[in-house]
Every structure is written in C-alpha cells, then in structure tokens.
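Scroll down for the structure; my scribbles are underneath it.
Labels for the chains are A, B, C and D, by order of writing; each one numbers its residues from 1.
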Amino acid sequence: MGGSPSRRASFRVTFTQECVIPVEHERLWNFLMDVPAVGRCVPGVQTIEAVNGSVYEGELKVHVGPIRLALEGTITVEEADAPAGRARMRAEANDRRLGGGIRARMSLTLSPADAGTRVQIDTDLAVLGKIGEFGQPVIKKKADAILDEFVRNVRSHLAAVTP
Amino acid sequence: MAHRIVGQRFGRLDGADKVTGAARYSADVTLPGMVWGKALRSPLPHARIVRVDASRARALPGVLAVLTAADVPDLLVGRRMFDMPLLARDRVRFVGEKVAVVAALDPDVAEEALAFIEVEYDELPAVFDPADAIQPGAPLVHENPGAYHGAPAERPHANVQSVLRFKLGDVDAGFREADRVFEHTFRTQLAHHGYIEPHAGVIALDEDERVQVWASNKMPYRLKELLSHALELPPARIRVNLTPIGGDFGGKGSLMDLPLAYHLARVTRRPVKMVMRYTEELMAGNPRHPSVVTMRTGVTKDGRIVARRATALYNSGAYAAFKPAPSVNLGGTSMGAGVYRIPHLLLEGFCVYTNTIPCGHARSPGEPQMLFAEESHMDMIAKELGLDPVELRRRNLLRDGDALANGHHLEHVRATETLDAALAASDWAKPKPRGVGRGVAMGHRHIGVGFTNAQVRLETKGTVTLTIGLPDTGTGAHLVLRQVVAEVLGLSIDEVQIELATTDLFETDSGVGGSRVTHTGGRAAFHAAEKLKEQIHAEATKLGTPDASFATIAQAAAREGRTLEAVHFYDAKSHAAVTSFTAQVAEVAVDPATGQVTVLRFTTAHDVGTIINPLGHQGQIEGGLIQGLGFALMEELQTAEGRISTLSLGDFKLPTIRDIPPLTTVIVEDAVGPGPFRAKAIGEGSISPVAPAIANAVADACGVRIVDLPITAEKVYFALQDRKGRS
Amino acid sequence: MIRLTVNGQAHELDVPSYRTLLDCLRYDLGLTGSKEGCGVGVCGACTVLLDGKMISSCIALAVFADGREVTTVEGLAEDERLHPVQQAFMDAGGFQCGICTPGQVVAAKALLDAIPHPSEAEIKEWMLGNLCRCTGYYKIVESIQAAAGQARA
Amino acid sequence: MIAFDYRAPRSLDETLAILQEYGDEARVIAGGTALVTMMRQRLAQPACVVSVRGVAGLGRIEATNGSIRIGALVTHREAECSPLIQERLPVLAETFRRVGTIRIRHMATVGGALAHADPNQDPPVTLMALDAGVEVQRAGGGRELPVAEFFRDYYESALEPGELVTAVTVPLLPAATGASYVKFLPRTADDYATVAVAATVTLEPDGEHCREARIALGSVATTPLRERAAEALLSGARLGERLLKAAGSAAKTAVDPLDDHRGSAAYKREMTAVMVERALTQAWAEARRAARASG
C-alpha cells in the first residue's frame, strides 16, 4: 500500500526541543517557574503578568509578512513538581481582529546532564479559527522559529546570570 | 418507433438567461431593505459551550441582530433523521458547526461582527475515525441517538447512525463452497461536490406574514415540509419560489442556513440573505462520505464467484441530518456486488458518527466508494488467480433473470454487450508501450423513482405551457420535459413553454435527485399531455372541425370562459426491473520518476434507453466522468483531527479544462426504460467506475496497486519505491 | 467617489474602500450576472473585462477600477442579438447549471477578440482559469470552436 | 474586509512620501491578487492601502546594457507577451506564462510578485537563477540588491517599511548558455508548483565542460532558494547524465519543504532531485544549441 507517513498538513503541531543548560537543577527550575521572566524570553511577548499563583495573562505579537497577529490570553501552570523536575502548562490565546487563536500544551522535564541540566520542552500547539484556516504552513514554521529563539534566549539569559 | 422531437439534438433553448447573466440564482435575489446574515462557526471539534457573549458584536454600527442558541427554538432538524440543532446549544460537535448568527447591513460588516462574539469552550475528548468511534468506550458524539426522530432502530453502538444490509443466500455456506477466498481493504476520501454556487438563500416575511423563500434547493416541496417543522409554522405559511440552481450533484437538498435566515428576518423585520463563502462550503457543506471498505470474496477454481461479504464504514461526521434516504444510509452499499451474479451475498454499510464534518449525498451516493473497492478487488482476484481481468468479469456478469443485491430480478440485461462495446472502442487488445497500462471497470445504476405533478395548458395562441414544480439543477431537465410534451401534442419545441410553479400550486413533488427526473417528470408531463390531447380532440369534435388549429380550439374554449388544461400526478414507488450498465476503460501512463499518472485516453460505454436529447445526455456522461476523474486523482478535503485544511478551491483542486483526457463514448441502445418513450436515466451513470478503471490501469502500467483514493503521484511514487526496495 | 464605465454606461459611486469590484457590480449596480464562486480568484465565475482584459473581480477592489472600463456578461449581447459566443454556448451545450457561464462567455469572448481562430491548445490555455463542474469541459471547447467558426463565416 | 484608508498616488515621490508617513501600517497594492485575497480572508488588515497602479514610469520593459529592465508595474501577462523578453530571455517569458491563469497574470505585477515573497511563486525562482537585481526606492534614496538576497522568510522580504520595489534588472544570458524552468504539477494545470526549478548552464568553449551553472528552487522552503552546493558540483566539470543526477541528489539535501496539500516534505525532497536533474538536462540541451548557433 502506498503513501508516505506524514502526507497531510496538520492543524496540530508537536515539537520537542532539548538543550543542556550549564546550571544546576534547582537554579534552572526556579528560573523556569518564574513565568513572567521566562515569558520575556519568548520573542514578541508584549506583556505578561500574574493573575494568581498559577495563572498569568499576557499578549504576544507575531508578524508573518502582511499577517499581524496580536494574541491575548492566559498561561496556566497545571503541574509543577520541583523534585521530579516536571511541569505542565497550558496556554490559550486569541486574536480578536482576525478571529481565531492558539492553544498550546507544554511540558517541561529537567534531568541531569554532564555539563549541567538537560531541559526538554514538549509542545503541542493547535492553531484555530481564521488563523488556522489559511495560514497553516506559515504559522507552523513560525511557531517552530519562535520556540527555537525562546530556547536560545533562555540559554543566554541563564548564561548571563551564571557566575 | 420513430419520433419527431424525441431524440433530436436540441441546444439549450432555455439557456438565453444563463448566457446573458439575466438568470437570477438565489444569491442574486435582492429585495428592498434586505440585510445579510453570516454565521460564527466552532473552531473546535468537540467542546462544551461554557459562555457566549455577543454584546460587543451587537453594539457594532451596521449590526442589526446577533442570535445564539438561546434566541432560537430548541429543536432538531434533518432531512430524514432529525439530530441537528439550528445553532449549537450546549456543545459543538465539529469544526465549522454554527454557534451564532449575525444580521448586518453589508456582508463585510456581518463578517466583522463575528470576530466580536466571544465564546468560551471547554474542550471534550473527540473521535475522528469511524473505526475508533465504534470501539467500546469511544467518546460519544450523541448520547442517545435512538431517541431522535427518524432514527433507525438497529444500533450496534451509540456512535452508529444506521446500518444498511443487503443479503442473498447464505454467505457462510457460500464461503464453504469456495476454493479460494480473497480479502482486501480500501479507503476513499472526503470530497466536496464542487458545485461552483455555494449554498444561498433569501427569506422574507411578506405583508401576510407568509415566509417567502428563495433557495439553492432542488426539492422545493420537501423543503417546504422541512421548513414547516423547523420554523414551527403550518406549510401554508411557507412559499418556496423556484430559482435556477448552480450545480447540485446531490448536495443541494437540505435546509442549510434557511432556518437561521428566517429567525434573523423575524427579529430584524427585514428580508435576509445568507450566502455561504466557499470556505464555509468546504468546512461545513455536506460532502461525500469517506469510507473504509473491506471486500471478501469466495471463488471457485474456474473463477466463479460463490460468496461475497462487503463491509463499509462510512465516516458520517457529527450529524446524520443531511442524509435523505429512509435508511439514513448510502444506497451505493449495494454496489458491493458490482455487476455480478453472486448467489451468497452479505453487504453492510455502517454510517458512523464522528467529530468531523457531517456528510450527505453526492452524485450516486456510496457508489464511487463501493465500486472503487469492488472493481479494484476484482482485478486483484484475477491477478491472484492468473486470470485475465476481463475474463473473470465475463464469467460472473449478471444475466437476464438474475437478482440484484436488493432482491430485484432483472430483465433486458446488457452487461456483456456494454463491456464488449467498451473493450472494442478502447483497443483493449492492442499492444501498448512500456509504462502504459489499461484498466477496465463496470457499474450499473438504477432508474430513479419518485412522484411529480405536471400541468399542461393550451394557450389561446395555440402554444402549450407546461407547469412543473421541479427546478432544473443544470441537467437540461426542463428541455427534456418540453420535448416530451411537444412530441405528444405534435408541436414544435418552440411551441411548448415551461413555467415554474411555486410550492403553492401543487400538493407535493419529490424534487430532483436519484436519477429520477426524466422518468418521473417525463412521465407526469407525458400523461398530462396525453390528457390534454384528448381534450383538444373532444373540443375539435365539438366544434365540428377535426383539423382546427390549436389556437382556434383554445380561443373557442376561451370564449366560453374555459381553459383547456390537464394535470397528471405520476408516482413510481418501486424500481423497474431494468438497470443501466456502464463499462469504462482507462489508458494511463505512469512516470516512474515521479509517480505522476497521466490519463492518455478514456472510453465509456453506456447501456441506455431512448435518448430524448442526445446533447444533454452526452453532457451528463461527460460531466459525471470528469467528476469521477477528479475523485480518482486529486479531489480531497484533507483533514487532521477533524479540521479540514483544504479550505479554498486553490487547495481543494477540481479538474481544469487542461486536465481532461481524450474521450470516446459508446452508446449501447436498448430502449426499455420506464421513462417516457422508454427512456432510462443517465445522470449518475458515468461517475462511479472511473476511479477503479484508473487504479486498475495504474496497476497494469507499473505494477503498484493503490487502494486508497485519490491516486496521487506521491502515493504511486512511494509505492514504486517500496516495491523497488523489496525486490 | 469612484467613476466606472460599465458596459458603456458611466457611473459615479460612493463605495467603501473594502468593496470588491464584484460586490460593487452585483449590489451597487444590480448587475448580478457576474457570480462569486471560490472568492479567491481561482474559479473564474466572477470574470469581467477591465479595460478589455479579463480579471477576477472578486479579488479586485472597486476603488482599483476607478476611471476604468468594465465589461460584464450583461454587456456582451448587442440589443437583442446574442454575442456569437453566447449563441454557441447554447447551441453546443457549453453549460448546464449556468453558474460559471457568465465567466466562461466573458473569457471566451476575450479569447476570440485576441485570437479569432484559436487552436484547441490555445482554447485550453486561455480558459484554464474558468472552472466548470457540470460539463467536463468537452462541450465548452466545442462551443468556442463553433463560435470561432461562426465568426469566420 | 474591514475599512482602510485608500491612497492612489500618481507619482513615485508622492508614493514614497505616503509610505514613509504610514510606515509599517501601509501595504502597497499593485495588481492586488495576493493582498486582496489575504484581506478577504481577514489575514491581512492594513490601516492603509496604497495603490501604485497610477504611478507613472514603473510600467516599462527596456533593454539596457546587457540586461533587460522590467518596471515593477509590468504585469505577468505583459512580461510573458513582451517581444523583447520572448526574444532575449525566453525562459523568463515562459516562467511568467506558467503562473496561475491568464486572469491572474493580467492583474499580478512583477514587483508585486517579489514583494509578496511567497515561496510558491514562479517568477522569483527564474529571476534568482538569472541573477537578477531588485531596485528598491524610499523617500530620499534607493538601493539595488540581488534577488538571491531579497527573500528572508515566508512572505517576508528585505523590504523595509517605507520602501517600494520599482524594477527588476535581468542580465542577458552569456554566450553558450541555456536556461530552463521546470514546474512540477502533479494535480491540476492551474495549481502552485509542488516543486519548481530554474536552471542555467554555461558551457566552456569545448562544448563539454560546464563553466557555470545556476540553480534556483521554489516551493521547497520558506523562501525561494539558490542551490549553490549543486552548482559547485557542475562548475568546471564535464557534463554528463550521472553528474546531473548527482546535482539533483545534492539539491535534495539542501531543501527544507513544508508538508502541504501539494505533497509531503519527504515527497518534495525526492522530487527536488528529479526536477533539478530535468531542469539541468533541458538547460544543457539549450546551452549546446546556443553554442552551436553562435559557433
């Protein structure tokens, strides 16, 4: 039977990003749980503020050529298991002008590595409504790029504050 | 019998309005004060609606009304099984389901307003694949579908809408008689009809509070009934005005947005127009069901089929509402038997609920799916048996007196003649170059049944007006009916005019669909014309001038205040004992470097009755065939997790004028149909065997068997690579 | 305020910036012959001639046509006499449902204006952008060939 | 669509002034096929749309020393039918002919196709293989950059807010050079390419060795790509079927296609190899013909 494994364009994008940050587990964990600080490592984030202990509100702007997204929404920390180094978050954001938005589930896993701590970020992103209807391949590529830059920013941020 | 008018090649005499742009389709109807309706659709496949806040949308300048489920009656609609709310109430069940509707002064403002409606959803587990949906513990799309009005009784799982079963003999015993048993599984894709006119409707409340309807709907009388239920109004308060329909192919028989247009009209006190964007058509029209078909066949050593079991799982999507058949299933399931005499047969079709787009009827519903499986399976069996695929078919073709899967015994069977005609015209036996293959496939299609009223009236100028409640979906049916009346009354075609009745005139009519119009409309017109002819004779006799002109006769009657007219109600309840066979041969080239399939030539042979208009008849064959070609090679609504991503005709590709192969048509005339002058049907005859003919030709050309449609270059390429890897 | 000449008749109109040429023709001027199918310039049901050249009016802004000449399907027939292309589409079965036909006949007219006796390949290249779901195109090719013959005669 | 300011300047200076005033909020419209489609889909919602259609002086096709200069407002159809382009750069005329449908080619402009930066467009691929330059103007100045450096990302070019593409300059082919454009369309004749390749091959005087080859790819990444690794394989080498095949294989490792309705990334990668080989084969045959004609 014919057909290649990933023939179809998906609305759901899953990524896994992995890197080793040269800091010990606890410092990295504490940094990563400071959602506003981490949020500022995401390119295009305009604002991010705590609503309560586990819910944050913010705005993200993304440009793809003439397409301008202004995504307003929330990030909810659903699980934060410090000893295990495992956290789960949910992000939901909408663009009111375009009609549509994104939903993402992210899970963070820290594990020991030779030169510091290994971070694995698994993201499951769904693009909905008008944005999802037309800009699919574009948005997908963009999300990948944003996540790449985010990991770079986290690294350089931690490198900068590492003594 | 020689005819004067029947059998003559008439151009589209009724088409001046269509070539000048004067024809008013539903979307062209414009009324004073009219406003525009637009729907907000769910972005999620399955979710609880937590909250809807339309206040910001309502406050926008130019917005006249925003309705949510709270503002419309809590009732369910459907064509046969009533399971669909007017607007999603507590939960959404597919991406594209309507959640709210806006009326505004212009369509752009209405669309703008949609972005201001806030809906909070709580996502629920969803199921997208019919095989997953019928597992124990699968998420339920509806809690208790058996309770819906029109729901069939048999329900092996709560996610099963309906089961359709055809049985002959004893299938288990049959398999025991077999020397060899073969089983293969096939898949067909989700595909939109591709009509160029999106669903459109205008609703206005007139001064008598009657609901005036203009809609792209091919069954005006059924529409009136369905609207009466949906709007909770007596039928007499509803009038459907017939408009031309910009392509149907099975897709234009539902209520679609009309109840919402009505509620917007009721609230705004203005006529409301709702026209779907093509994106909405592709996201939430009522496309052809995707299928997974498993074929199992028992054969004797000498290539006789003794038993067959075919099981189809149809992904019906979130609602059954779009299916019109009493079975709430697809009649094409019966095509699991193909064109063969099979003594022991069990064919089953399961329509399954999933959180995807609700599917409906499309040109020969279920048949392209079933025949792709069945006719590919035949070639695969022939290959295994070392038999020529034509020879395997010949040994099993239906003959006079054989029963179809539905138990009907056939007369005037022309299966072998039709096959022979296709083979001869396609140069089947001629040698072919490397990389070129030929494939054959066959099918048959019934002549539809239903009921139609026709009224004929003699005008004082001596012409005749035929009044009918059937819209013309583009098939040229109105011209056929004029030909029938002209033939009976000895008039020229120009002396017969057609007039479209609103739904006020007749009691009922089964409308367009299922290859019935030439038969039912034709017979109604034929008998009405016969009655009028008698009246005219009687009138002439009364006048004492048997050869008086029609004008003289009509004028004489008019002087006495009488009009000569006749009505006939024709009602065909069961199918005639004849069918129409099709045999097709595809000749293709496969590019081994890319997998690209090029159809070099195509031959289609049809066993037909009396042809009333050869031009229109040929047009049906050609149009259906190219739809079959698109289905075979390219058309696919690609989905992932219930979301369709091919949301424009830039991505969901239909064949263009440069994608059509050289075509040879062969007509095998037989002249024993139940239609007027022994006509049969043709509208659904050419579409279904195209895909298996091409699949069989691809296998012949390069040795790879594609079992899932469409046959894309990519699938053929990777299949070729797999084969290379294995050898 | 924009000025449009449509089928030889001058109009002055006040339209919002976002109005497409197609919506302007259909709703501001009542010329509903041109249809909206796909809405993204693919299907050709909205084909009109702008300064003699065929375009997709569904993806053209009305303001964009300011000061220009538009020909729609309503402008092809002269008085009561159908354009040869229109007559040929009727005679040769070049349409069924008719929804794509206004675009087809406008495109075919432009073709015969540019190439009075087109080859089959030229017809198919020119008409590539006009989708038809009813006819399978065979009779459209025949219609245009017939119209070209008629023009020759 | 939602309301926006609409401006229709008549001169280049006026246009540039408006673009400077609105900056990022302005979108230039020439033919409108791309922008209006995006606006109708509500994906693009610019505050100001500047129609440059009436701007004088941007619609010319002219021969300059050793190249053809095509004004930004020249439509695809005009470029396709231009006797100058047909005669001097037939591959470019052919490329424009392969764009969508005649209706779209009547509307879409040469400048617009570049500024839109859609990696699925045809003309940028051939312009890249022909080493064309893009002329860009802004209030108070201008610049020219190679097409190969013009595209940055999906729908994103090197254009800064306030800048306008005014022309593209395409060098004529050197002696003994052939060029080709191959558009792989496995679905319908009016589709975007699954893979597109433009190639040039310049032969040494011996007629057998390749002096220079240029390869550009479309629909296989977020931008059109110049495929230099495969070019390097050919440069200086004696041409033959196996070498062209090797160049195709080299190209397929360089691409990063998206899964979409025209094929999976895996399939597009495979087809890159096939189409590069086919484009080079054609260009080589053309080059031999050109060498024979001039020699």
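FYI, a contact is a pair of C-beta atoms (placed from the backbone, for glycine too) under 8 Å apart; a residue touches a chain by one contact, two chains touch by 3 or more.
It should be emphasised that the depicted structure is a prediction, and the values quoted were computed from it without experimental measurement.
Here the chain pair with the top count of touching C-beta pairs is B-C. Spacing of subunit A relative to subunit C, judged by their CA centroids, is 49 angstrom.
Subunit C has its Cα centroid 29 Å from the Cα centroid of subunit B.
A separation of 35 Å divides the Cα centre of subunit A from that of subunit D. Contacts with at least two other chains are made by residues 1-2, 41-42, 189-190, 261, 263-264, 267 of subunit D. Looking at subunit C, one finds that residues 16, 18, 39-40, 42, 125, 128-129 touch two or more other chains. Contact with two or more other chains is made by residues 108, 115, 279, 638, 645, 648, 650, 654-656, 658, 714, 718 of subunit B. Touching chain pairs in this entry, ordered by label, are A-B, A-D, B-C, B-D, C-D.
Partner subunit B is touched in their complex by these residues of subunit D: 1-2, 41-42, 184, 186-192, 261, 263-264, 267, 270-271, 274.
Every residue of subunit B that touches subunit D in the complex is listed here, in rising order: 108, 111-112, 115, 279, 593-596, 633-634, 638, 645-646, 650-656, 658-659, 712-714, 717-718.
Of all residues in subunit B, only 11-13, 15-25, 27-28, 30, 106-108, 193-198, 244-249, 275, 277-279, 473-476, 615-616, 618-619, 622-627, 648-650, 654-658, 660, 663 touch subunit C in the complex they form.
Contacts from subunit D toward subunit C in the complex involve residues 1-6, 8, 29, 32-33, 36-37, 39-41, 49, 51, 53, 77, 100-104, 106-107, 189-190. In the complex of the two chains, the subunit D residues touching subunit A come out as 27, 35, 38, 41-46, 116-117, 153-156, 222, 258-261, 263-267.
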